[in-house]
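For clarity, chains are labelled A, B, C and D in written order, and residue numbers in each chain start from 1.
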Amino acid sequence: MSATSGRVRVSIVGASGYTGGELLRLLLDHPGAEVLCATSRSLAGQPLHRVHPNLRGRSEMLFTVPEEVPASDAVFLCMPHGEASREIERWLDRARTVIDLSADFRLRDAAVYRAWYEEEHPAPGRLASAVYGLPELHRREMRVGAEPARLISGVGCNATAMNLALLPLARAGLIERAICDIKVGSSEAGAEPSAGSHHPERSGAVRSYAPVGHRHAAEVAQELSGGESGGFPLDVSITSIEMVRGVLCTAHVIPTGRVEMKDLWRAYRGAYSGEPFVRLVAEKSGLHRLPDPKILAGTNYADVGFDIDPRSGRIVALCAIDNLMKGAAGSAVQYMNVAFGLDERAGLGFAGLHPC
Amino acid sequence: MSATSGRVRVSIVGASGYTGGELLRLLLDHPGAEVLCATSRSLAGQPLHRVHPNLRGRSEMLFTVPEEVPASDAVFLCMPHGEASREIERWLDRARTVIDLSADFRLRDAAVYRAWYEEEHPAPGRLASAVYGLPELHRREMRVGAEPARLISGVGCNATAMNLALLPLARAGLIERAICDIKVGSSEAGAEPSAGSHHPERSGAVRSYAPVGHRHAAEVAQELSGGESGGFPLDVSITSIEMVRGVLCTAHVIPTGRVEMKDLWRAYRGAYSGEPFVRLVAEKSGLHRLPDPKILAGTNYADVGFDIDPRSGRIVALCAIDNLMKGAAGSAVQYMNVAFGLDERAGLGFAGLHPC
Amino acid sequence: MSATSGRVRVSIVGASGYTGGELLRLLLDHPGAEVLCATSRSLAGQPLHRVHPNLRGRSEMLFTVPEEVPASDAVFLCMPHGEASREIERWLDRARTVIDLSADFRLRDAAVYRAWYEEEHPAPGRLASAVYGLPELHRREMRVGAEPARLISGVGCNATAMNLALLPLARAGLIERAICDIKVGSSEAGAEPSAGSHHPERSGAVRSYAPVGHRHAAEVAQELSGGESGGFPLDVSITSIEMVRGVLCTAHVIPTGRVEMKDLWRAYRGAYSGEPFVRLVAEKSGLHRLPDPKILAGTNYADVGFDIDPRSGRIVALCAIDNLMKGAAGSAVQYMNVAFGLDERAGLGFAGLHPC
Amino acid sequence: MSATSGRVRVSIVGASGYTGGELLRLLLDHPGAEVLCATSRSLAGQPLHRVHPNLRGRSEMLFTVPEEVPASDAVFLCMPHGEASREIERWLDRARTVIDLSADFRLRDAAVYRAWYEEEHPAPGRLASAVYGLPELHRREMRVGAEPARLISGVGCNATAMNLALLPLARAGLIERAICDIKVGSSEAGAEPSAGSHHPERSGAVRSYAPVGHRHAAEVAQELSGGESGGFPLDVSITSIEMVRGVLCTAHVIPTGRVEMKDLWRAYRGAYSGEPFVRLVAEKSGLHRLPDPKILAGTNYADVGFDIDPRSGRIVALCAIDNLMKGAAGSAVQYMNVAFGLDERAGLGFAGLHPC
């Protein structure tokens, strides 16, 4: 933290998009942070509320160009895939910690990156030391001694939901095979209009946009197949549904053996007790007995639930998140909190709305 | 009609947009029409279902370029504002009847056109003879003797709802002043993506996109203020709401004197009895007691209702339509049916869905 | 068919619900049918449009009580689960063909029925002879010689989507295991309000309402595991999403061996060429390259598609339908058409809307 | 405030509904309040998250019965219309301040109450002294000296939007006649399911549920027609649209004379500068140039905008709110803050989400 202000001084690069806007919403109200600047080349000189109408009256700040980013405690990078890795040294020079929300530093192995992204990684030397931003797995690497990690990578929003649905089962060695059927909203595709996001086309669509081959599978495999968990085949299928924010991962798990609900409770409680943003939602009845992203908009919660098919023994593991929060900006603030020794919950207290 | 086929041979120019797609849906199944061609410069050579997925398996036709449009009984023009009027002579040469769905030929007075569209009309000589396509007012002009009218102009979708809500009151001289508060869906803006139509922005929006000054006011004033009705001030306000298809016009009418429900019933029944596509919906109770565009998607109905404020005497006149049907393509087929002496209902029999 | 009218004379029992309303919409406009009566005990004497607002102006018929159903060619039963089987003899006495849209006669084995519905079947003697209403499998049993089948059972709406997604793979012996992740709309639950259907709760929900143990699994197992296909484990998971009409079945299939796209094309074309209501939708690109229920509202189409995961070999088989049409009333009219020797497409010609 | 805790000790009566849930969300996180109890007769003994799933993990509190409400600094009453006024003495005995969110104490004149609610008021003696809860008009009455007002009445959600759209114009004497066309979401009708709230019926509806005669007109007339503003005819029309939370009031104002935008800016700035929760949104361009309830969900803002029709001179005044927040629970917390001398913004800092 800065000696002068006592607050973490942060800059946001690429702040005109949805993730940037969400970071601004969180950090402008954060009790332990001070926003130094927010960049947008196309909107430089304009007020934040031009594209983030919810921030009207909340800040007098104007967008600036990236060249004007001052030395900062933390720089958040919200750039298109492939750009952050090209500029990473520059940003590491400008900040004690860089938190990159693109896909560039999620995979530790440059060969795996090449296989899934079909190009060479521009900064392979930084891959191994980037911390994969899943606090539930890597909290201790985010702050080493009294120092924040140098480079923390955001997690794919769909990968977050998969990771948190499956982690306890993977740790317990219960997964023979997993098929993740993921339902997502339209904000996942970002703020740029396209034919597919045109309202008359997108409204009410149930679009199988990535029934096979989604890249987020690679990072989940990396995180859950190593070490204690052992490997298992992982399939991913993504369906766009009528929703703006939100992800629900329905993970169909063929177990390595017969399990009962009490085994699942033990595994999930063991993994998540003490986690400030993971709630177990697995009741026997009621409208809200299982996770639903509908009530998570704006929150940093990951609601996790599970059930077992009494006939086939299949486990259904569920995780719901807000893709822009726990799936992006909310997690990023959580990393910052951990990295700088703040209360991990700081700035992330919104409970969510019901009804909505 | 063609001597050979016994069917009206039609061509659709600009068939890749929403109105063009709707015309194709209607005309491919029309018992008295034969679709000769559908043009789209950018999609020439591709099957219709590339952009009209509902037509998959319904036709083997490919899009063609406009130059290939053959001599036709009727040509439907679905072009951006300002283009049809530039090419109108060419199309009149190619067809017995041209039905233009743009805004180019709705206003009969070139000076009024200039005032609202802020440019000179390219074909002012055609304005006076173009038939304004409201069958409820101009049916007799659409077919003169045994001949179809040469040029019929579509009506603005919002204007259609205003016209049909207000026509009986205007005829009865009951309007002192009218303020039309119109709720519209996203398909009104057409098939081109834009920042405003981007799903995360448009979904759930209640956007006052034209609170004042909408052009459709001009044509309604033209139609309802002349002749028997006498003039009255007309205000229009358009709000975009969560809906793809549909228009609801809520016309708040300050009456010239005290009226009662029986007066309204007389006026509306007088105007619309015998009209094949206008239904009166003004019941005392029930969920569906007044018009709602929700149940009109795909139909050519205009549902019209009314009520009176017992305290202030204000009349509320309502009209709901599907903007792509009674507000565009459906009406256009209705014109064709009238112009060529077919059953006015032909090809327009879909009842609409409930629930939906 | 009746000697006098030349049309199939039909009666609809339980016509106030969503399936009944959809049957009325279809049959009132059917060129080969005549609707004799529509029953609703609670609405007897009231016009159809009281609860089916889309039928306003389409029929003067009033609801009647079930006791007044006359002798009919076909009786359609739209009753709650467990009621049709209690009254089945009465209705068989009243009609040449009974088409039951409840779940009562879908399972041929009374023991299987007991296992899934947890009660004894009231009319077990009728189970074996009821025709399971999947024309793609049982068309020939619906009309034997010149006689319609006596009792045809509707298929579960979710089961329809599963059956049609999986049938070609099952026939080809390609399924080692199948997990069907099904997305459904709110009309599946019928016309009765409940806490779960309350708009503020249901709107935008992504509700895992049956992650395990859904009954429709039983009938799909019955149909696809017998005879030529051989058995395979089948798992079903149902998620309610923001949608009124529509089902998308995403079937994740672990294949018995490595398959390629050309194998799938062969299997699906073999099964469905000549089927009037099954369309194959499996393109390489485009917004509409795979089935989407959004464009099927009101149609009787089942759009079927497929893809293969290049890494894992998993097959994704997709089927989209309108649950009230191909999943209920539309199929029922299709049965009637087949049973009475009419054109199988009669009354089912609606193409569907786009955009919508 | 309590001597012991230094916090305002509050109880919520009728806490299972939507307003009660929203109060719980706000007050459980309020830095200056302590929630003593939340009552629900039907849910007594159950955790709050049974019906308020967003509160899962936020509180261990269980619902209690109303008889167990302890002496409190403030009691919030969230009861059906007509009940609070029957029990008002009991609650005034139990608390220093009662904040009633029903419609019972909004009208100061028992005769006006009778005229609009068609029954005698049960506690007419309390009407005159109840403070009408519009801080922008009655802030000074909410805290007199160092004492909170004894009884503060919530404002109708639609009335809030009308009041705030029209107040500056009324004060400036600019209103000849006003017609408020109000668009509302489904949560206005509360948490009880009904035929009209059944998702398949309500989804996508554009329902003219109160085109004339809405009761909220009475309170707006009371507030804006007295004293400095002078009277004017006020018409109200309410349309339900696809939305859960939110109100947009589009007030069509026929002005007493010609006005220009600078006059409006002066009137609105004069009325609202310094108001913590009113934002002026009246830009010349941009997607978010005018108020939209979409971005206000969960916030206590009232966004107010205006425009002038260049042809007719009609003023369009707009106000957007979240009906459960500024239209109910948020305002109630604002009253409490004022009444007890806390920071008026306390507990109401949520900025709102975009996109959403």
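In this section, a contact is a pair of C-beta atoms (placed from the backbone, for glycine too) under 8 Å apart; a residue touches a chain by one contact, two chains touch by 3 or more.
Only a predicted model underlies this, so the values are computations on that prediction, with no experimental measurement involved.
*Asks:* What is the chain whose Cα centroid lies farthest from the Cα centroid of chain C?
*Replies:* Chain D.
*Asks:* Would you mind telling me which chain pair, A-D or A-B, is linked by more contacting C-beta pairs?
*Replies:* A-D is joined by more C-beta pairs in contact.
*Asks:* Mind checking the centre-to-centre distance between chain A and chain D? Centres are C-alpha means, answer in whole Å.
*Replies:* The computed centroid separation for chain A versus chain D comes out at 36 Å.
*Asks:* Just the number, please: Cα centre separation of chain A and chain C in whole Å.
*Replies:* Their C-alpha centroids are separated by 40 Å.
*Asks:* Counting only Cα atoms for the centres, state how far chain A is from chain B in Å.
*Replies:* For chain A versus chain B, the centre distance works out to 47 Å.
*Asks:* Scan chain B for residues touching two or more other chains and write them down.
*Replies:* 18, 187, 191, 195, 200, 203-204, 242, 244, 287, 292, 355-356 - these are the residues of chain B that touch more than one other chain.
*Asks:* Using the touch rule from the top, collect the residues of chain D that touch chain B in their complex.
*Replies:* 177, 179, 181, 183, 195-196, 200-201, 203-208, 211-213, 217, 233-235, 237, 239, 241-243, 246, 248, 250, 252, 254, 287, 290-294, 305, 307-312, 314, 316, 318, 320, 355-356
*Asks:* Which residues of chain C touch chain B in their complex?
*Replies:* Within the complex, chain C contacts chain B at residues 18, 21, 25, 28-29, 49-50, 52-58, 187, 191, 244-245, 279, 281, 286-288, 292, 295, 297-299, 303, 349-356.
*Asks:* Sort out for me which residues of chain D touch chain C in the complex.
*Replies:* Touching chain C: residues 18, 185-187, 191-195, 197-200, 202-204, 242, 244 of chain D.
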